[in-house]
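Take a look at the structure below.
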Amino acid sequence: MALSPVRVTVWNEFRHERENKEVARIYPDGMHVAIARYLEAVDGFTTRTATLDQPEHGLTKQVLAQTDTLVWWGHIAHDSVSDAVAERVQQAVLAGMGLIVLHSGHGSKPFKRLLGTNCSLRWREANERERLWNLAPGHEITRGIGDYIELPAAEMYGERFDIPEPDKLIFLSWFQGGEVFRSGCVWERGNGRIFYFKPGHETYPVFAHQDVLRVIANAARWARRKIDRHTLDHPNIRKPLEKIG
Amino acid sequence: MALSPVRVTVWNEFRHERENKEVARIYPDGMHVAIARYLEAVDGFTTRTATLDQPEHGLTKQVLAQTDTLVWWGHIAHDSVSDAVAERVQQAVLAGMGLIVLHSGHGSKPFKRLLGTNCSLRWREANERERLWNLAPGHEITRGIGDYIELPAAEMYGERFDIPEPDKLIFLSWFQGGEVFRSGCVWERGNGRIFYFKPGHETYPVFAHQDVLRVIANAARWARRKIDRHTLDHPNIRKPLEKIG
Amino acid sequence: MALSPVRVTVWNEFRHERENKEVARIYPDGMHVAIARYLEAVDGFTTRTATLDQPEHGLTKQVLAQTDTLVWWGHIAHDSVSDAVAERVQQAVLAGMGLIVLHSGHGSKPFKRLLGTNCSLRWREANERERLWNLAPGHEITRGIGDYIELPAAEMYGERFDIPEPDKLIFLSWFQGGEVFRSGCVWERGNGRIFYFKPGHETYPVFAHQDVLRVIANAARWARRKIDRHTLDHPNIRKPLEKIG
Amino acid sequence: MALSPVRVTVWNEFRHERENKEVARIYPDGMHVAIARYLEAVDGFTTRTATLDQPEHGLTKQVLAQTDTLVWWGHIAHDSVSDAVAERVQQAVLAGMGLIVLHSGHGSKPFKRLLGTNCSLRWREANERERLWNLAPGHEITRGIGDYIELPAAEMYGERFDIPEPDKLIFLSWFQGGEVFRSGCVWERGNGRIFYFKPGHETYPVFAHQDVLRVIANAARWARRKIDRHTLDHPNIRKPLEKIG
């Protein structure tokens, strides 16, 4: 039953880091590299990265076929992701690939296509404190996490978050300014698993926070592909298993 | 608390009835009219119908705005439904309109967009017996229905049905040929309610079966719009409710 | 389809009001009477009340048989409720009666029996502000309620609340002291519906808050009995519906 | 991340095997031993067994503390299980232990306590064919299982099965006599995981069927304890995390 290493592809829009000095200072190589390094170093995952401006956004059929879990960070350029690639990602998840959507990725094409809702929410940038309460201490995703994760400065995301009722609520956020948010949610779609995780604003060093990185690593393992079977076929079963009439 | 009459729009592809004599014999005015007549006569709903070949498939913004529950039957021409109308229906549901998807409508654009999966299944046309077991005797949708509904001749739809786990399973079908199927399922998306109901093959007089009609009427009432609020906005809440810092 | 008036029984432990002057001042006739009066006056429900110190705690078989929705408030005397009555309430819910459990009723015998978990939580009495965010604007329970309900002074209830994942999350609370709480949750069990609603501490005039009363009334209507069929039978179906062998 | 071997305790009522020659012939050492042997030999689990007639039914606090997953088979002597041990099992699950309930265990005390419903169903003993359709090909529990498991002769269990809506439906059964049944269901309660699996009638050699044994082994791994934390405490958090007032 020994499992092979988890193959994670970290996808990043990679625009903020090249256009904004503050972000570049925090993530000189991009957020994708910061996340991938942790996954390699600490958990022994096999990682690769992909970004928006690569051909096919770095997400060719072959890359997805070799990906057990895809991590997605996008924000200002959701519309620049082609419909073809968005659908390819959707079908890869339905066939069994895991998907972790971070922060502003709630507005990304693959996430909205898979959930079917608008995934809208309230937001505010005011350097406020966020506390993510751990609602699922027995779940693989919260392994090693205590009662809550505290982020000293975060963007506020508030309800109502327009998502289908999650299969299970993992984290619930409190914000200093008075809002709450379902900040860690899991769903299963087709043969694949999806985890949405709220932390990750580009101007706070969130992807250096050990608890945040730990959750991403745990989730990458939990969501890893267990099967590779697309769900597009619609077979006509001419011969019944039992005698009719 | 007296509620106004439920306004139901019954949408039909309306191709089989015009192209196939057998179907035309069973439904001389189309399946949409057969269903709408029942809803008017027995339950006092206010109904209208709409079909694929009308301008905008009969589903203008105004029609949807005046619809509490939309009933959808489609089969051979799913691709002929424009993306614009499919998205309009999706947004209407997310804003609060109810949606009842019948039979082969599992492959329709609005249904697949709202659920995010491929909604594929196995099938067979062999005139076999189907028995829909009632799993939710306390639910509004099964009001007046006994332990099961029996259809003497039906098309087989079999698992695995590629859908998100339903919020609640209402009917579960047994087929003579050896398969099972989740034949009555509900989901909530955005502010709206969705019911998928398996009966409805065009060459069997299913929409004359009193239990089938009763379920559609019950579901139209259950799913009726309770609110009209779109979920597209993404407001920046600059002024927090509580003092920060 | 005109429904008869909803018959609500409001059950109260009714100890605080007789032992604590502050509580007696707020609720001279008891919390049950305050709630029942609102339900009668505003929504036209048929109400009765029952309390712990009545014979069989006021919940005879006949009373439950004539109850569409039972509202439950208990706190310091959960253990004084007899197992026989707790089981009777459990079976009544499974047979179709609605149940609304308020505030400290999370620790009551009927609630814990129906959910199967310990329903434990964190708490604090510090006169802090609570804001219940409305996550389900399209649901019957939130009819007439805006984006949130604000309680100027409330007891804190915090996660992790040891409950089964709710069928749907209706309210999510923010507390001034830093916690969050799933403060409005629904579940279906057997043929019945259950709503847990967090507001209701005895020393705050919560049951005079119009939004709180509105939610209780809405929930009483939503949860009302739709069927009366117990789920204890275990029938041996000797004669199969289909031929075997 | 290498996990230690899963410690499984297989509990059996162990009455049929000693009282009925036919059962004794199929399971000379008892069903518990047949299952435990497979788990040891094929999956390398660490196993122990326990039976009703041992002191404390073999389920002392120490045994449960050293159990990652408990497998439960009971039928004619549910009432002979003491309430104390039933509650101990319930609390062990809520603290993180996995529980697999087989066949007639649907009527057992621990199962009914954890689910809160009566878990009643229809049944028939008529040597009929059962086909368990695999609804979750991407789930750990169905690893190595094809589209369905076929049992040539089985007891019929039919809907309506009085259970809370499962978190996920894993298997759905078809019966020759015309019924359907949710034959593989998972729930999470507290910090623990529960799997109900329908196969297992004592007079059919079901626990020699390789697919049935494979599912039990998969489920024992999936449900294994991930944490050991009871959920009984109800802490008063006197010092808030944030300043109040």
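Order of writing sets the chain letters: A, B, C and D. Residues in each chain are counted from 1.
Following the convention adopted for this analysis, a residue touches a chain if its C-beta (ideal position, glycine included) is under 8 Å from a C-beta of that chain, and two chains touch if they have at least 3 such contacts.
All values reported here derive from a predicted model rather than from experimental measurement.
Any chain touching chain A that also touches chain B appears here: C, D.
Placing every chain at the mean of its C-alpha atoms, the farthest one from chain A is found to be C. With each centre defined as the average position of its C-alpha atoms, the distance from chain A to chain D rounds to 33 Å. Centroids of chain B and chain D (each the mean of its C-alpha atoms) stand 37 Å apart. Residues of chain A in contact with two or more other chains: 131, 137, 158, 160, 165, 167-168, 176, 178-179, 188, 190, 241-242. Residues 131, 133-135, 137, 147, 158-160, 165, 167-169, 172-175, 178-180, 182 of chain A are the ones that touch chain C when the two sit in their complex.
Per the touch definition, chain B reaches chain C in the complex via residues 1, 43-44, 96, 129, 131, 137-140, 143, 167-168, 176, 188, 190-193, 221, 226-227, 229, 241-242.
Put simply, chain C touches chain D in their complex at residues 90, 94, 107, 113-118, 120-124, 126-128, 156, 158, 160, 162, 164-165, 167, 176-179, 187-190, 231-238, 240-242, 244-245.
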